[in-house]
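Here it is, the structure, as C-alpha cells.
Order as written gives the chain letters A, B, C and D; numbering starts at 1 within each chain.
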Amino acid sequence: MTRTTMSMLGTYPKSGSLDQAKLAETVDAIIACAEACTACADACLGEDKVAELTTCIRKDLDCGDICDTTARVLTRQTGYDATISRSLLEACVAACKACGDECSRHADMHEHCRICAEACRACEKACRDLLATII
Amino acid sequence: MTRTTMSMLGTYPKSGSLDQAKLAETVDAIIACAEACTACADACLGEDKVAELTTCIRKDLDCGDICDTTARVLTRQTGYDATISRSLLEACVAACKACGDECSRHADMHEHCRICAEACRACEKACRDLLATII
Amino acid sequence: MTRTTMSMLGTYPKSGSLDQAKLAETVDAIIACAEACTACADACLGEDKVAELTTCIRKDLDCGDICDTTARVLTRQTGYDATISRSLLEACVAACKACGDECSRHADMHEHCRICAEACRACEKACRDLLATII
Amino acid sequence: MTRTTMSMLGTYPKSGSLDQAKLAETVDAIIACAEACTACADACLGEDKVAELTTCIRKDLDCGDICDTTARVLTRQTGYDATISRSLLEACVAACKACGDECSRHADMHEHCRICAEACRACEKACRDLLATII
C-alpha cells in the first residue's frame, strides 16, 4: 500500500502542507486499522460467545468508520484546513485508544482481537505523531 | 426522516445514555447536512467557474464524510463511549463551521451553496447543543 | 429530508439525466433505510439473545454501507454514467431484499427489525422504480 | 497491507465461503484503488485546468465510495450471501472500468491519473477473478 499512497500523494500538483512521507505512513496505518476493525467486528459476530463481545463489536464499528473518514480527509491536500485535520485526528486517536483497549481485553482468547489491538495501537501512534507536526 | 430515526432509536432494548428526542433531532440534522454537502460538491463540479470553487468542493467532501460517520456513531447506543462521541462531535462542528463559512461566500452566486450553508449551520448548532449535554 | 434533497438536486446548474422528483424520493428512501439499518444492527447488539441475530446484524451492516454509497452516487449528476447507476441500484435492491427478508423473520419479536424491514421494502421498491426509468 | 488483511481473514472462527488468499488479495486491490481514487479526485481539484477534469473527479468519487463499501462487504464472512457479494462486485467492476477508462484519457498529462488508472485496472481484474469463483 505505502507505495500507492506515497506515489499518489506525491503527484499532487501543488506543494502539500504536511510532510509527505509521514502523511503517507499515517494514512496507511489508518487504512490498515480500518480493515482490521471491519474484520474483527465480523469475527466477533462469528464467535459462539458473541454476547460477551458486543462492546468490542461496537468499538470496532466506530473505529472502522472514523478511520475510513480520517484517511479520506488526510489524503485531500486541496484547501487544507488544519483545524479540521487536527480535530478529526483527535477523534481518530480516541477511537483507536478505546478500540485497542477493548480488543486487548480479549487478545488472549481471540487472535482477531490481538491483531486488531495491534493495528489500533499502531494507528493511534501514527495519528499522534502526525498531530504533533500540525501547529 | 425524524419519524424513522426517532422510532428506531426508541426501539433500543436498553436505556440509552442521551436524551432520545435531542439525539434523533441531531442525527437527522447531520444526515441532511451530509446529503446537502454531497449535492453541493457535485453542483460545484457542474458550474462553468468550477476553478473558483475547488476549496468549496473540498470542504463539502470532508463535511459529507465526517457527517456520515458522526451520524453512524451517534446512532449506536451499545457500549456508549462519551469520549468518542464528544471528540467526533467536535470534529463535526469544525467541519460544519468551515464548510458553512466557505459556502456562505458563494451563497449570492450559487443557490446550492446557500442551501448547503444553511444545512451546515443547522448541523453545527445541533451538534453543539448535543455536546452541551455530554458531560 | 425530501425538502433538502429535492431543493439541492434542483440547484444543479445543468439539466439532470433522471426525473428529479423521482430521484429525490429514491435518495430519501435510501438514506432512511441506511439509518434504519445502522440502528437495527445496534439494537440487535443490545438484545440478550444477540447470538440469534448475527446474520441480521451482518445484513444490516451490508445494507447500511451499500445504501450510503448508493445515495451518494445517485446524488451526483456531473458526468452521469447509466451503467454505474444501474449496477449499483441492482446491488442496493439485492441488499435491501436480503436485509428486509432477514429482518422480517424477527419482526414479531423485535420492533427494530419490524421497522427496519419496512424501510428496506420501501427502499427496494424505490430503487426498482428508479431502475425502470434508466434505459 | 496483505499481511494484515490475510491474517485478519484467517482468524475468522468458522470456515469461510471463499478462497481466503484470493479474497485477501482482492480486498487489498480494492482498498488500494479506493485510496488512489480519493487522491486522484483531490489532485484533479488541484490542477489549474480542473474544468477539464470534472468527469474524472466524479468517476473518482463514485469509484472510491463503491470500492470502500465493496471492501467492507467482502471482508465480512458471517451470514455470507453470494447474491449480495456478486451484485456488489459487478458494480465495483463497472465503476473501476469507467474510472480506469476516464483516467487513462488524462494519463499522459497527469501522473495521478496514470497511477489511478493502473489501480482501477488491477482492482477490476481482481474483482472479475473473484466473481468467477462465486457460483
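Going forward, a residue touches a chain if its C-beta (ideal position, glycine included) is under 8 Å from a C-beta of that chain, and two chains touch if they have at least 3 such contacts.
Bear in mind that the values here come from a model prediction, so they are computed numbers and not experimental data.
A.B. asks: With contacts counted as defined, which of the two, C-D or B-C, has more C-beta pairs across the interface?
C.D. replies: B-C
A.B. asks: Taking each chain's centre as the mean of its C-alpha atoms, which one ends up farthest from the centre of subunit B?
C.D. replies: D
A.B. asks: If you average the CA atoms of subunit B and of subunit D, how far apart do the two points sit, in angstrom?
C.D. replies: Result: the chain centres lie 27 Å from each other.
A.B. asks: Please compute the C-alpha centroid of subunit B, do the same for subunit C, then give the distance between them in whole Å.
C.D. replies: Taking the average C-alpha coordinate of subunit B and of subunit C, the gap between them is 19 Å.
A.B. asks: When you check subunit B against every other chain, which residues touch at least two of them?
C.D. replies: Touching at least two other chains: 42, 45-46, 48, 54, 57-58, 61, 68, 72, 76, 78.
A.B. asks: Sort out for me which residues of subunit C touch subunit D in the complex.
C.D. replies: That would be residues 54-59, 61-62, 65-66, 68-69, 72-73, 76, 78-79, 81, 83-84, 87-88, 90-91, 93-95, 98, 102 of subunit C.
A.B. asks: Sort out for me which residues of subunit C touch subunit A in the complex.
C.D. replies: Residue list for subunit C touching subunit A: 41-42, 45-46, 48, 50-51, 54, 57-58, 61.
A.B. asks: Provide the residue numbers of subunit D that touch subunit A in the complex, in ascending order.
C.D. replies: 1, 4-5, 7-9, 11-14, 27-28, 31-32, 35-36, 38-40, 42-43, 45-48, 64, 68, 71-72, 75-78, 110-112, 115-116, 119
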